[in-house]
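First the structure, then my questions, so here it is.
As written, the chain order gives the labels A, B, C and D, with residue 1 at the start of each chain.
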Amino acid sequence: MTAEQPTEADRYWHSSVSRVTPHKVFIRGYDLEDLVGGLPFTAASYLLIKGELPTPQQARVLDAVLTAILDYSLHKPGTAAARYVVSANPSMVAGLAAATMAVGENTLATEDTARFITASCAQYRESGRPMNAFAADLVERMAASKRRIPGLGHPVFKKTDPRAVILRRIAVEEGLWNQPAQLYEAIHAAFTARPGKADIPINDVGLMAAVLVALGFSPEEGTGLAVISTLPGVVAHISEELTSGKPIRIIPDATVSYDVADDKDFSTDWKEAGWTPGA
Amino acid sequence: MTAEQPTEADRYWHSSVSRVTPHKVFIRGYDLEDLVGGLPFTAASYLLIKGELPTPQQARVLDAVLTAILDYSLHKPGTAAARYVVSANPSMVAGLAAATMAVGENTLATEDTARFITASCAQYRESGRPMNAFAADLVERMAASKRRIPGLGHPVFKKTDPRAVILRRIAVEEGLWNQPAQLYEAIHAAFTARPGKADIPINDVGLMAAVLVALGFSPEEGTGLAVISTLPGVVAHISEELTSGKPIRIIPDATVSYDVADDKDFSTDWKEAGWTPGA
Amino acid sequence: MTAEQPTEADRYWHSSVSRVTPHKVFIRGYDLEDLVGGLPFTAASYLLIKGELPTPQQARVLDAVLTAILDYSLHKPGTAAARYVVSANPSMVAGLAAATMAVGENTLATEDTARFITASCAQYRESGRPMNAFAADLVERMAASKRRIPGLGHPVFKKTDPRAVILRRIAVEEGLWNQPAQLYEAIHAAFTARPGKADIPINDVGLMAAVLVALGFSPEEGTGLAVISTLPGVVAHISEELTSGKPIRIIPDATVSYDVADDKDFSTDWKEAGWTPGA
Amino acid sequence: MTAEQPTEADRYWHSSVSRVTPHKVFIRGYDLEDLVGGLPFTAASYLLIKGELPTPQQARVLDAVLTAILDYSLHKPGTAAARYVVSANPSMVAGLAAATMAVGENTLATEDTARFITASCAQYRESGRPMNAFAADLVERMAASKRRIPGLGHPVFKKTDPRAVILRRIAVEEGLWNQPAQLYEAIHAAFTARPGKADIPINDVGLMAAVLVALGFSPEEGTGLAVISTLPGVVAHISEELTSGKPIRIIPDATVSYDVADDKDFSTDWKEAGWTPGA
């Protein structure tokens, strides 16, 4: 009988996010009806992901993270991908999914920087050393083994990335610029002390990562929030594309160099590759 | 020369969402640095998509739309899809993209209802008739041709969907329950006057659609906002799944009836289909 | 007890595609070990989707469908989308998923044409009329109601689309150019008899749709096969992009006209919209 | 003027896969019209990705790779994800994209194993040592540093994975079981010589990876081909789901343990978190 009636704990899936009952929906323990209209979107995102209500300070900082980038014109690969997708398949969700998948190692994903900060902070705590000395050593060791510190530098913003500056200021104001964020800053300071590096700022993604770690989000959760932060702009671009009257977008020939012959002979080469034509 | 130096207007792409200059990013005409920390996420979404700042009333109503659903446990196909995806490919963005693609005709996409409301409202304005009479006729005609009114009924919530009730109340409070929304309500009233339909409420997606049309979003933009509204919950579920310690989720055998023979003979059937084995 | 021990037929899921047992995998009734190395990919695709082995004729025609397009340089939106995605997120699967979502209403999806052929063929059979007369009437009625016949016309290939010609020839050779395909051809003939339409050929997607219907695939299955047919080319493009050394692709400024002001004043407009700054 | 008229080589994009001219499409140098109907799908995939025609031997081995898995019932996360997605959004391409994204680190992606084989083979060539001795040392070092050898072990198939056995046999028959593949086999042999490991076979993904490396595909290209190999089965499952008559699939409650309270008081907790209700 046991096999037929597994205890709750044996069940294949487990979830503590929400529960649907015959007459109610409970979100992290709260009746959904009490939340709608009373819990702002940013606070709701915090509650859903972390399982508890944010303080006003935490909500303000998270809201700043969600609005730090907003949009980046057609200089963002995900926006380009989304517009190409909907020019073929005029579907909002297809475009949003394409933009979502264009968040990764090379751009927008905060998780690599978050993992670096979290791991460095754990080492720092174990080390028992002063923060600046630890940071200087770490930068030294990374340079020696040619490892890159993630989250630094920006193609447009030199010396300071204004979005990063504002985000940091808000986190400081709200008392949430805590140890991991301070350590990341110390690492950046040690990095800029090296020759030729003085001009390299913490960029938007780097500072978003520091703040997301400071708020207690896991690296993956941080990337999820970064995705959400970019989607309103993507909705705007997809809407613009859907009304552009240009289905089936191509990459214009004037921007491409094609290196494709036009004179290979298939039947000759096919025989030479060992095939018996018509067999 | 003209071909080499197209005027701005001739260019292949056109965008009015944002622009990146060597030192600045402009979002719908505003300096990004002025927005970060000052423009809440919901207002920023409105600005990005509609091109102008919302009033506090519009922002409050949009925020209510973005928090009307929040999460729906493992009863939502997109959440299930996201968890299966990350059990194979432990990537936050892959999971979010899967959940995004699970918004469509059967659930969460507000666009079908929005198109219905917009089209009905245009007919109503043309008709010059009183709203209730127009609505009654429309319901009559749709019933006669067996067309379904989108956005009505819910498997859990009978008579009233509490999320829809609250959302409507907030739109009314903020003075944004305007003509298209009123017409949809009149259509619903005419529908429930039909025999056996008294218990069928406007559901969450139906009311979100009415409010999104009332706010002036296109049907596709509304679906985009509905997608955003579901993603914080999906981030929570993906995070839960990534830490579940169960890679490679399957659909448990006890929930599947398989109708697959185990005794077909390939070489016999292959010959019978006309193939020469070993050829 | 019944509730605890549902019969097979009551189970939530049902599948007849394949079954995994403790020691074997059965594919549509065949032992997988008998198939590997003996069943070519195209025949395997047919078996998986239709549930039975193809004849050599059916396999040859399906293989011609799968190789009718091959690639379309950077003139295909899905290829562009895939390259943008992997420039941000260097992941083969993310790129392939983006290209897959760029198959739809405007390009590559055979399903609209397939639905048109299937529906027209059902009407034709009911009508009891000669094929050409039925086709001429249908074209007349569609023109009168300004409905478009799907699958006709191509931006590059005028008069004839060579891929369509070859595909038709192979289907004829193999005895699979059956009634639905013949009807579609009759409809095309009636269409080109109209003034100014003589030069418009059946295009590749139109003819693929006709052949896929002729082979007995559903409209959605046809689109699935069309997706598969494009993916080897997409793999090639993603591989080229991943080795291009250009992360974070943008849409070059010279191809975009931006219509974004740079002088709106946020604090003024924010107050005018009714907000109390700093509140 | 130079800036206005860049040479071909300066252009932003570069591609050597295919080219579309006003009247022709060239695929890796061949006229598309010569290929359709003459070049089988598997050989076409090889041509598109590698840029040259395969020998019959290479084509046979690649075809065996593409048909080694075929389908894995509802025990495959990507199939489950696809079915959930289309139950909400009845779109073939949305389902295929979801299944594609469910190929990754935990299943089906051959690239990790391929990278391991390629890197090991480079080290082996540099070492100048006999293959078995090199393999034994490598396994020793990996065990010492607790690194896992990718591509070994299978939940269903113990001792031998029959698909792997057949795939290896075909590669040997066709003379394509070359050095990287031999080295991987030697590594596996050294691994099974360790205590308690005798029963662990090379699995299907491991052997697919070895053969794909042997054929000269890059790790990412291998994953792309693995994706293609699974899609016909996914098309079958999506088709089955679309005709199942069950929109909006959930995860059945009997398989889930929910750990969600139903009695938290929002207004109390909101105040305690520091918020002023109604503000």
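Here is the rule we use: a contact is a pair of C-beta atoms (placed from the backbone, for glycine too) under 8 Å apart; a residue touches a chain by one contact, two chains touch by 3 or more.
Because the structure is predicted, anything quoted here is derived from the model rather than measured.
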TODO: Figure out the least number of contact steps between subunit B and subunit D, where 1 means they touch directly.
DONE: 1
- [ ] Go ahead and align subunit A to its copy subunit D using Cα positions, then give the rotation in degrees, nearest 5.
- [x] 180
- [ ] Count the C-beta pairs in contact for C-D and for A-C, then report the pair with the higher count.
- [x] C-D
TODO: Would you mind working out whether subunit A and subunit B touch using mostly the same residue numbers, over half shared, or mostly different ones?
DONE: same
Open item on the list: Using only Cα atoms to place each chain's centre, name the chain farthest from subunit C.
Closed with: A
Open item on the list: Measuring centre to centre with CA averages, how many angstrom lie between subunit C and subunit D?
Closed with: 22
Open item on the list: How many angstrom lie between the centres of subunit A and subunit C, each centre taken as the mean Cα position?
Closed with: 31
TODO: Pull out every residue in subunit B that's touching 2 or more other chains.
DONE: 12-19, 35, 39, 73-75, 89, 91, 93-94, 97-98, 101, 103-104, 109, 251-252, 255-256, 258, 260
Task: Overall pattern in which the protein chains touch one another (line/ring/star/complete/other) - done: complete
TODO: Using the touch definition up top, name the residues of subunit C that touch subunit A in the complex.
DONE: 4-5, 73-78, 80-82, 84-85, 87-91, 94, 97-98, 101-109, 247-252, 255-256, 258, 260
Task: Touching residues on subunit A, where the partner in the complex is subunit B - done: 12-20, 22-23, 25, 27, 32-33, 35-37, 39-42, 44-45, 48-49, 63-64, 66-68, 70-75, 83, 92-94, 96-98, 100-101, 103-104, 109, 111, 156-157, 162-163, 166-167, 169-170, 218, 220-221, 223-225, 227-229, 231-240, 242, 244, 252
Open item on the list: List the residues on subunit A that touch subunit D in their complex, please.
Closed with: 8-19, 21, 24, 26, 28-31, 34-35, 38-39, 53-57, 89, 91, 93-94, 97, 101, 251, 254-264, 266-267, 269-270, 273-275, 277
